[in-house]
Amino acid sequence: MIPVLIGVTLVISSVVYLSPGNPAQIALGQNANPEAIEELEAEMGLNDPPHVRYLDWLAGAAQGDLGTSVRSQRPVSEMIMERLPATLELAIASMALTLIIALPLGVISAVKQYTWVDSLSMVFAIFWISMPSFWLALILILLFSVNWSIFPISGRATPVFTATWLMSLALPAIATGTRRAGLLTRMTRSSMLEILNEDYIRTARGKGIGDRAVIYTHAMKNAMIPIITLIGLQIPLIFSGAVIIETVFAWPGMGRLLVNAVLSRDYPVVQGTVLVYAVIVIAANLAVDVAYSYFDPRIKYD
Amino acid sequence: MSLQRTQDAESTDALLAAEEVQKYFPIRSGILKRHTADVKAVDGVSFEIRRGETLGLVGESGCGKSTLGKTMMRLLDPTGGRIYFDGEDITDVSRKRLRQLRRDMQIIFQDPGSSLNPRMNVADLITEPMRSLTDWDKTKRQNRLYELIEEVDLQENHLTRAPHEFSGGQQQRIAIARALSVNPSLIVADEPTSALDVSVQAKILNLMEDLQEKYNLTYLFISHDLSVIKHICDRVAVMYLGELAEVAPADRLFETPKHPYTRALLSGVPRANAERMDDRIILDGSVPSPEDPPSGCRFHTRCQEYIGDVCETSDPELDAVGDGHVCACHHYD
Amino acid sequence: MSVGHSDSDDDEGDGTPKGGQGSRVATGQLARARTVLRRVMQNRFAVFGLVVVVALLVTAAFAPWIAPYEPTEQNYDALKEPPSLEHPFGTDTYGRDVFSRVVFGSRYAVFLGVVIVGIEMLIGVSLGLLAGYYGGWTEAGIMRLVDISLSIPAIVLALAIAGMLGGGLFPLIVAVSLVGWRGFARLVRGDVKSVMEEEYIESANAAGLSDFRVITRYVLPNAASSIIVYATLTIPTVILWSAGLSFLGMGVQPPKPEWGAILAAGRGDIDSAWWIATFPGLAIMLTVIGFNGLGDGLRDALDPRQVR
Amino acid sequence: MTDPLLEIDDLHVHFHTEEGTVEALDGVSLTVERDEVVGVIGESGCGKSVTAFSTMGLLQSPPAEVVSGSIRYDGRELLDLSDDELDGIRGDDITMIYQDPMSSLNPVLTIGHQLTEPLLAHRDISKAAARQKAIEMLEACGLADAERLMDEYPDALSGGMRQRVVIAMALITEPKLLIADEPTTALDVTIQAQIMDLLRDLREEFEMSVLIISHDLAVISEIADRMAVMYAGNVVETCSMRELFEAPLHPYTRKLAESIPSLETSVQRLPTIEGTVPELIDPPTGCRFASRCPDYIGSECDEIDPQLAEPEGIRDHEVACHYYTDESDAEPPWQIQGVEDQ
C-alpha cells in the first residue's frame, strides 16, 4: 500500500515538475512585474531543487497539508474536503446502479444462454458500453430536463438525503453508471458461464437437487469471486467516468475541481486532487480484498 | 558387480551418474516474498545409468521423479550434489559446454500436445535442435529430417502441418524425432506414454526399443506405471518422497522386491485375472508433503514393516542386498 | 467444455478422436487465417463490426470526396440550420456543415485509435514481456509500476498529463498512451507466464535455444492472438477517452473537427440545436460498437475454448 | 426372470461441433442386472463416458443430442423424463462417481453441505439427522475424524480423501445403481488400491448394481462381473469377466488385451493394432474396426454394421463381428489352433 502511494506521489510531482509554465507567473497574472514574480517564486520554494520541493510537499501531505491554491489562495485540503462528499455520493450511487442492473442481468443471460433473454440483454449491454457517457449525459438532459422537465438540468441540491437531492443525483448517476453496467453485465455473464461449465456443477446436477439449488447455491457462490475482482477493477473507472460527468452536470465534486484546476494550471490543486483520488481507489481495493475472504474459503489455506 | 552407495563415476561404464543430488524449490510467502521453506523435491539421490541400458525411475506423483530427470540433464539446476556425464562433472559447467552437452542428452515429455510448440510445423520442430545445437548445413539437416521421419513412421506430407493436427501417438513420434535429431546418446523419457491409449502406448514402446537398438541409446525411463517399467527397463530405481528406496535389475525387483514401499507399490497394481487381493498390501493415507517430510525414513509413517524408533530417527541408506540390488531400509540392516 | 469430460487422456473433451492421417483440419498459416475468417463470418455481431470498421476506414481515407463542404467553412447565411437535404446533419453556430465535420472527424478517430494503441502496445508488450520472461526483480519492479498507475483513475491521470502539457493533439496522444499501456503490460505478462509454464518451453531449453529465439519463436507467437484481440478491443476505449478529453477542452482544439470537440461545442445549444451534439455522438457510438464487435468476433475465432 | 435394472438400447448420441457432427454413440446397447457389476472398457473417445452421462441426463445440450434409442431404468424410460422428473431419480436411485476428485467438488461449499444435499433433496429428513448420516457415511468410506471434516472445504483434503468424499456423497442415498466413471484414473497406484478396495466392500454392503467405466482393463477386472468392450461408439463385445480373459472373441478385444504390458507375463515385443481409430465425424460405413482388423473377411465388413449377437454354440457372450455369423465362411478363433491359450 505505502510504496504504491509513494509511487503515486512521485508520478504526480514529476508531471507537475515537468509541466511548462511558471506557477508564480500564473498566480500573479500576465502583467505582474518581474520582482514580484521572483519574490513569490522564493516564497513558493520554486527555486529549490526538485527533490527538496517533493519532500517538502510529501511532508506536508503526510500531515494533511496539500499546499495552497495558486488561484484562490485557499488551502487545497480545504477545497478538496468541500468537494469530496459530492464525488463520493455520485460514485456510490452509480456503483449501486451498476450492480443492480449488471448482476441480475449477467446471471440471467448466462443461465438462459442462447435464448432471446440472453440476446436482448447483450444488445443492451453493447449499447451501454459503446455510448460516450458525456453524450448520453447531453441526451438525458435534452430529454428529461429540457423537454419533459422531470429532473433538474444541473447542479447538486442540498441538503442531502432529500427528494430534491435525489432528483439532482439521478441523471449524473445514470450517465456515469450505464457504461460500467454494460461492461459488468457481459463480464458477469462470462464468469457465470465459465462456472456453469465446471465439473462440480455437473456433480451438483447429478445429485438431482434441482436447477435452482444448482444455480443459486453452487454456481452463484463461486461466480461471486471473479465478479468481486471485476467490481474492484470498476472502482477507478467509476471515478474516471465521474470526472467528465461532473463537468457536464456542474456537479460540485472533485472531478470538476480537477478539470478547472488543470485548465487554469493551478498545480497544487491538481497535485492534491490526484492524490486524494488515488487514496480513495486504494482504500476501495482494500475493501474488495476483505470481501474476498468472505466469499472464498480457499484464502485461508494460502 | 556390486553397486556401492557412492559411485566412482570414472571407473565404471556409467554414462550418467548422480551423487547425492538435491533439488529444492523455494517457497516464498508473505508480502515481501521471503524465502520461508523448501519443497524438497529431490533430496540426496545417488545412482548411475550405464551405457546402452534403460533405467526405469518409478514412483507416485509428487515423488520427485520428473524433477530428478530434468535435474540430471541440467534443465534444472541442482541445489546440491554432483552430476557426472561420461565421467565429466557437469554440475556447474559453463553455458557453452551445457549447449554442447544438449547434443548428447535429450528429453521426451509426457504430454506431446503441450511439449510441441503449437505455432511451429513438424519440419521446423524436428530440425530446430539441429539448427541451434549443430553446425550442420541446410542440406545435412534436410537429409537428417527425412531420415528421421522415416524412422518414426511419419510421412512427408506431414512436414508442413501443425502439431495439433495429429493424434497423441503421432505427436509423440514427432517429439521422439525432435529429440533424436542431434544424435544424442542419452534420452530422458518423462512418462512418454502416460497420456496415450494402451494400443498407442504399445506402438511407442516398440518404437523406442527399436531406436535404442539401432542408435545404441541409453534411456532414463520415468513412469508411474510398473507394468510399462517392467516391460521396457533393464534396471529399476524406486523413488519415494525425494529419495531412492530401492534400485535393482528389473527381473529381481519384480520377483523379489525388498523395500516395503516397493512391495506395496507392486501389490497395489491392479491385476487382470489374478488370484485376487488376499495378500494385497494397502497403504494407509497418502504421501506426506515434500515441504515437511517425515524424519528418519520418509516412509515410516505408512510402513507396514515399521521396526521401531530407528525408523523415525535415522534415515536409512541404500545398502547392497544382493546382486546389483540395493535397498534403503532399516529392516535389512 | 463439459460435454464428455470422458477419458483421462482425451484432451478434446467432446469425444472426437484425432484422426491422424485422415485429419480434416486444413494446414498452414493461410488455412489458419481462413479458419479465423470463417469463424468471424459466422458471428453476426462480428460481421456488423467488420462492416462498420471498414466503412470508417473508407470514410477516413476518402473524407474530402465524401464530405460536401469544407469542415471549417463558415456560412453566416445558414446558422444552426436543422438537418435538411442540403445539410444532412444540419449546421452549427458558425454555419459549418455538421455532416462534413463528422466525416472529417473519422480521420481523428482512426489516427488517434491506431497511433495511441500502437504506442501503448509497444510500451506495454515490451514491459510485460520483460516481466513475464525474466521474473524476479524485473517483474516486481514493472508490476509495482502498473499498480501505481492503476491506483490513479485513468481519466484523472490523463487529464493531469494532457492539461499540464497544454492541450492539443500531441499532449493528448502522450497522455492517453501513458495511461493505457498498463493493460497490455498486465495481459502480456500473464500470457507470457502461462506460456512459460508450458512443456514446450522446457523442450526449447532442451534444444538449447537462445532467449531471443525462445521469445520470438515460442513466447510471442503463442501470446499473439490475445494481444491482437486486446488491441482491437482497446481501440474503442482509446477513441472514447480521446473524445472525452477533447470534450473537456484538453485534447484536440476547436475548430478542428474532432468528434469530442464538435460535441463540446454543441453542448450549449443542446436545447436549441440538438443535432450539433447528437450526430458526432452517434458517430462515436457506432465506431465503438464496430470495434467491439470485431474484437469480440476475433476473440471467439482465435480462441474457440472461450465461452461464447 | 425380472427386468434388468438398467437397459440401454440402441442409443445414438451426436455432438454438433464446428467441424461437423460427431457420431459419438452409434447404437450402444448395454444392460445392468440387479446386483451386478458391469465394467465398460475402451480407449479415449470410444463413447464410454458419453454413455454414462446420457444415463444421468448430464450431457450438455447443445452440443450433445440424443438422436434415438432408449434408456430404461427399472422399467421407466429416462429419455422421456423432464429434467424435474429426472431429478427424482438421479442423486437418489442412480448416483455417480466422477473421474477427477479435484474438480468435482465445489470449492466454496463445506464437505458437510455437499454431502447432506442429496439427502435433504430426496428424503424427508431433518438437517441434524442428515448430518449424522453423513458423518456415518464418511466413516464408512474410511475417513477418520469425520466430524471435523464436515466443516472443512475441499481444498483442505488430498486427492484420495476427496475421492472418498465423492464416494460417500454418491452412496448416502443408498442408490440402487452406482455409475463410476474412471474412479481411480486421477489417483496414484497406492491410492487406487485403497479406493478399489473400498468400492468393493461398499458394493457388497449396500448390495447395489455398479456400472464402472475405465480405460484400464486391470482396474475393472478387480470388481466387474461382466464386461462390455467399446470401440468408436459401439459396444463390440459383452461377456463375463472370465470369458473376456480366457476366450475373447472380437478381434479388437483380443488385440487390445495383448497390447497391454503386464506384471505376470513378459513378451519381447508388444503386439499392436495397425492404424488409428476412425474419425467419428463422417465415420466409415459397416464395421468401424474394419480398416484395422486382422480378421477382415471382405466387403461385408465394409458395408454392413455388425450387430451384437451370440455366436452359435456360445452362451452369454455377445459379439458384434461378421466373423461369427452364419454367412461367414471364416473359421471362428475358438476353432483355430492355439487361440485359447493366449
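Some observations on this one:
By written order: A, B, C and D. Residues from 1 in each chain.
The rule is simple: a contact is a pair of C-beta atoms (placed from the backbone, for glycine too) under 8 Å apart; a residue touches a chain by one contact, two chains touch by 3 or more.
Just so we're clear, the structure is a prediction, and the values are computed from it rather than from any experiment.
Taking the mean of all protein Cα atoms as the centre, the chain whose own Cα mean lies nearest is C. Across the two candidate interfaces, B-D and A-D, the one carrying more C-beta contacts is B-D. Annotation: 33 Å between the Cα-based centres of chain B and chain D. Centre to centre, using the average C-alpha position, chain A and chain B are separated by 55 Å. Between the CA-based centres of chain A and chain C the separation comes to 22 Å, rounded to the whole angstrom. In chain A, the residues that reach two or more other chains under the touch definition are 197-199, 201-202.
Shown for chain B are the residues that touch two or more other chains, namely 167, 169, 197. Under the contact definition stated at the top, the residues of chain D that touch 2 or more other chains are 43-44, 60, 100, 215, 276. Those residues of chain C that touch chain A in the shared complex are 1-2, 5, 45, 144-145, 147-157, 159-166, 236, 240, 243-244, 247-250, 260, 263, 267, 270-271, 274, 277-278, 280-281, 284-286, 288-289, 292-293, 307. Against chain C, in their complex, chain B makes its touches with residues 33, 70, 73, 75, 98-99, 102, 105-107, 109-111, 113-121, 128-129, 132-133, 155, 160-162, 164-170, 175, 178-179, 194-197. Within the complex formed with chain C, the chain A residues making contact are 3-5, 7-8, 11-12, 15-16, 18-21, 126-127, 129-135, 138-139, 141-142, 146, 190, 193-194, 197-199, 201-202, 236-237, 239-241, 243-244, 247-248, 255, 258-259, 262-263, 265, 267, 270, 273-274, 277-278, 281-282, 285.
Note for the complex: chain D touches chain A at residues 56, 58, 60, 62, 83-84, 86-92, 95-96, 98, 100, 103-109, 117-118, 121-122, 153, 155-156, 166, 169. Touching chain D in their complex are the following residues of chain B: 60-61, 167, 169, 197-199, 201-203, 205-206, 209, 224, 226-228, 230-232, 254, 264-274, 276-277, 280, 282-283, 285-287.
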